[in-house]
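Pasting the structures in now, so scroll down.
Both complexes below contain subunit A, partnered by subunit B and then by subunit C.
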Partner chain A sequence: MRFTDGVRWIVTALGTGRSRSILTVVGIAIGIAAVALLTAIGEGVRSYVMTEFSQFGTRIIGVSPGKNVTGGIGGILSSVRPLTVDDADALRRIPAVETVIPVVQGVGELEFEGRHRNVKVMGVNADMPAAWNFRVAQGRFLPEVQAGAASSPYVVLGHTAHQELFGDRSALGRKVRLGGRAFRVIGVIEPKGDMLGFDLDDIAYIPADLALQLFNRESLMEIDLTFAAGADMVKLQADIRRRLIDRHGREDFTVTTQDQMLNSLDSILSVLTLAVALLGSISLLVGSVGIVTTLTTSVQERRGEIGLLHALGAPRQQILILFLGESVALSLCGGGIGILILLACKGVALVFYPAFPLTPQPLYIALALLLSVGIGLLAGATPAYRASILNPVDALRSE
Partner chain B sequence: MRFPDALAFALQVIRRQRFRTAMVMLALIIGVSAVNLLTGLGEGARRYVVGEFSSLGKNTLIVLPGKTETKGGMPPLVGEAPRDLTLGDGLALLRIPGMQSVAPLIIGMAELSSGGRVRDSLILGSTSEFFRIRQLKVKLGKALPDQDWDLAAPVAVIGTQLKKELFGTSSALGKWVRADQRRFRVIGILESKGVALGHNLDEVMLIPIASAQTLFNQAGLFRIFADVMHERQIPAVRQRMLEVVKARHDGVEDITVITQDSVLAGFNRILRLLTVAVGGIAAISLGVAGVLIMNIMLISVSQRTSEIGLLKALGATQSTIRNLFLGEALLLALLGAFAGTVISELLLALGRLSFESMPLQTPLWARLASVSLALGTAVIFAWIPSVRASRLAPVEALGSGQGV
Partner chain C sequence: MVLASGLRPDSESRPDSESRSAPVVRLSQLNRYFQLGDQTVKALDGVDLVIETGDYLSVMGPSGSGKSTLLNVLGLLDRPTSGDYFLNGRLTTGLSESELAHHRQIAIGFVFQSYHLIPRLSARGNMELPLVLAGWSPAQRRQRVDEMLDRLQLSARADHLPRQLSGGQRQRVAIGRAVMLKPSILLADEPTGNLDTHSGAEVVRILEELNQEGITLVVVTHDQALGARAARQLRMVDGRIVMDQRVDSGAT
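And now, the complex of A and B:
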């Protein structure tokens, strides 16, 4: 039998039981669409989270006080071995380090002419906008301060904090009160939006040393460093460790790179994507049960036809291949339609809700098609084998 | 046709078409048990988390320093505020009518050493009330002494894991532990509670609140736990707490008071949503099973045209025949759903045996939903084939029977 004849045979077979074939295809299509959609959503969420986290730049190393800290809560707690602003200044002298930001976080009440607003307060330094990709909309950011010298009481407001306190009026040069101290507003930051539910605009930025005084703390919560592109990470981390051990006498701090954090986040989200894909493939499993059923029924009904093929000298292998081909054709059609459903969903999402995290990946689409071929082969195996071992005499007699 | 006859008719068909019946059942079993298993897992996780949080009693309020107005429900669980929460604030709270007990808390890290062994550990500074509010039990020795808050007694209660790290198998009671420049005498060892959400209490050292203040050179409290006598008093007491602290802080309301509920509600909502989502994804497979049922019924109708013709010739009405086929599909679905439920219950029971702490159980709504979805899809998808069967003209139907 020539190849084209085989194809024609399969097409005729599928066309004869049309409603049956269509239903089988629909079953597989739902399954493939479920898997493809869920992986696309998982992929979308993953890339969304990754961009959210890398908006501060990716070349960041964090140093937090305390060793053996799980979950990063360490910096907030008190410690008998504080990290100080002087430590931060010392780290600045390491080659390849570009910026060093001491970080203290808290909340406080801003007051201006009788208006009050409770905001987050971040103690940082002049390097912050460069390191975290923040842009100043009005005025300027906190000025550089000589190492060891006390900072002037300046404050830079986030977009929301500025809006709430001043409305449309200019805030530059005004004095606001924060925790009982007067601060002069010298700048306003461009809106940054939310990051995973955390409003980045409702924040007041003040010098870190003043924040330590304000909150009556000894220790910074974290020191963030950015480094030059192409720096040797291993050497850099070793340098940081050595420099701080020299100052503290022992290793009582933890160094984490943004890379490590992003990598672990990435792998967690990839596992999640895989997990939802597995959930979706339950439907695919049920769909393949459908293929087995229809194909088995069709083998039963077409015993005469199969007997005729045998009688005309068709080898068993060929009959096996014909029925397998039928099965694969069914599942491949299902796969194709499933992917069309995915693309349609993407289209709808683009029109009505562009922010919806749905990123169809060519790789996954190819995998889904491959998967449907695999399902066709697996599901078709038993019925096709049964057809191939039919005794031609028996098969013909049933006609 | 009487109901028992109809049932016998359907059962006979199911017996005759054993392979197809098995396949439909298999599809339904996969669908129903997937829904039940996954929602059971989700529900188990939810109950586990809720149970962990409930170790902090129902009547407990938590006072945090600072306040934010940013939208979004999460309270400022971490961070600093310009004005400290002080021991004085805590004592003032204790005088509020309806207040049962108050426990201040300071958390810090320090390096502990004893007999040459060194370990970094979490240190909790609090009072004897803390043991009651957090339901901590002492395995050996005694809890922190019930004394004035500002007495900095050099005593400590340590967790079991920390005891193992610092003292090995030898007795720890009465021994000294050094933290920074100070020494604490071990007076008690906590009963192991395992990992509670947040911190592992097996690896902490508890010291009196005043000792923690001097150790960390810090007057401000990390938070205050306050136990109210009766649950119904919570709103009134909460209001009074805000007023009392406001009066002490020069008329500025700069604290946040949260109930256990507000923390729990967030987790509860997220986990419930996840459970529903996961169950929903699994339920797609029931839709696919429905398609399979439709297919099987169509095949079945086309193969049994002569039988239908005979029924019609004997005077069966259209609705009788339709109901016969619908009944057949329903019976299949019922069997499949039942088997699926039994299988998922067995697997979950097995899961409960292996993970005792996880209360794995399919919620009632999911059980009802999976079974009714199975039955519903069966009726919906069997509708078209059944109607097609009922519309066959008797002559045609009987005639086609000759060939087969």
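And now, the complex of A and C:
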């Protein structure tokens, strides 16, 4: 039998049992769309998160208080010495380190001439714009402070915070109140946008030591370090550890490189992707069961036809191939429609939310189609085999 | 691409010259038993039969006497329980499934009481099915099928589906399909069983015409008049051939 004749045979056979075929195709389509869509989202979210993170620069090491002990929280329960601004100053003396930023976060109420706004408050230091790739739009950022000296009550506003409080007026030199204390505005940051849905511009930056007082905290939340390109990471981490252990007496802190942060993020995303792909596979399973029943019924109904094929001398494997072909055609059709659904979703996403990370990769589309072929072969195997070994005498008698 | 190797239109479908002189069919002590519970039904019971090329046989006998079973065995659709079956001089017992399928394709034509046309295919589509399965090209098929449609006076009905055809037309399509690859033997099981007298006569006329062109013809029938037309008349009872009569001049 010629290939084109085989295809024509399969298509007309499927066209005859149309309503059942359509139902099965829809099942597979939804499954394939789900798998492809979810993998696309997974892949998209990953690269989205990666770029979001690397916008702060890639040569960042974080030090946080408390030791991560795998399998328990013992390290946190036992007494942990606070990370202080002095610790940060000490780390600055490591040769490869370029900038050190003590970080304290909180929320506070900004007030100016009777206007109020709740903003995120970041306690940092003069190194922050350089370390995190922020640029100052007006005025200047927080000034350098001598190690050990107290900072002046200055505040630098993010774009949104400034807009909300001052509108088009200049804020430079104005006094605002933050958490009940007076701060002088000395600068405004350029708009930075969102990161993972969080507005980076609705922030007030104040010196870290003042933030500690404001939030009544002993310890910094984190110390961020940036280092020179080409620095020896292993030595650098060792240096950081040694210096802090010297000061704390033991390792009651955690050093995290950005690579490690991205890695753990990556593995979380991988698990997520896997989970959603699994969900899609379940709908595919449902679709394949549909194929099995469709084909089984079809073989049952077309016993006379199968008997005839035998009588006309069609070899068993030819009958097997024809029925497998019907199965693969069904699933491939479902797969194709699934891909179309995916592309439609992409289109809708583009119109309504361009930033939504949905990238259907050609590789995944190809894999999805391949998957549907595999499903067709697998689901069709048993009914097609049954058709091929049908006793022709019985089959011909059945009409 | 060809899905499975099949007969090419130009290939020689007849067996080698040595066996050409052999009878089309030779059955020797052929048995076909069915086991029903602890009971053995002897559908064919020690059948000896030689059918020469060009023979025209009718097989009559009461219902359940084994006529259909004989036809199925002759057509290689069913395997005998024991005994030998030589088709065109070649022993068929012991052939593999695919060899049997191949012999069905090149040497056997079936005509059924219930036609067994494929409902979604047109008259042409049904007729060309053996050629499609054998891998003929559309152009070669068209020529062959056109000839056959013309000969069976079905040209005007070529694109009709089976349900749009009368019983007689359906059976003519089925006959065209059966002889499409020029089989050495044509096996018809009650070919007129579902037809009125007129269409039945037309179908018989076509079968006999094909027989006169050299195709060996075996017709199973309940119809005395039809059975009496054959040059050689068999009668079966309980799986045995109880009468094998040659009539010098069949009715013409």
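In the analysis below, the second predicted complex is superposed on the first by the 285 of 399 C-alpha atoms of A that agree within 3 Å, B and C clash if a C-alpha of one lies under 4 Å from a C-alpha of the other, contacts with A are read in each partner's own complex, and residues count from 1 in each chain.
The criterion applied here is as follows: a residue touches a chain if its C-beta (ideal position, glycine included) is under 8 Å from a C-beta of that chain, and two chains touch if they have at least 3 such contacts.
All values reported here derive from a predicted model rather than from experimental measurement.
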Touched partner set for A:Val393, first subunit B, second subunit C, both or neither: second
Touching partner for A:Met261 - first (subunit B), second (subunit C), both, neither: neither
Partner touching more residues of subunit A, whether subunit B or subunit C: B
Which of subunit B and subunit C A:Gly304 touches, first, second, both or neither: second
Touched partner set for A:Asp5, first subunit B, second subunit C, both or neither: second
Which superposed partner A:Ala96 touches (first subunit B, second subunit C, both, neither): neither
Which superposed partner A:Gly313 touches (first subunit B, second subunit C, both, neither): second
Touched partner set for A:Val119, first subunit B, second subunit C, both or neither: first
Touching residues (chain side subunit A, partner subunit C) in the complex: 1-3, 5-6, 9, 12-13, 15-16, 304-305, 307-318, 321-322, 392-393, 396, 399
Subunit B to subunit A touching residues, read off their complex: 19-20, 23-24, 26-27, 30-31, 34, 38, 66-72, 74, 76, 78-84, 106-111, 119-120, 122, 179-180, 215-220, 222, 252, 254, 278, 281-282, 284-285, 287-289, 291-292, 294-296, 298-299
Complex contact set, residues of subunit A against subunit B: 19-20, 23-24, 26-27, 30-31, 34, 38, 65-69, 73-74, 76-81, 104-109, 117-121, 160, 178-180, 197-199, 202, 214-218, 252, 276, 279-280, 282-283, 285-287, 289-290, 292-294, 296-297
For the subunit C and subunit A complex, residues of the former touching the latter: 1-4, 6, 72, 75, 77-78, 97-98, 101-106, 108, 110, 112, 114, 116, 118-121, 129-130, 132-135, 137, 177
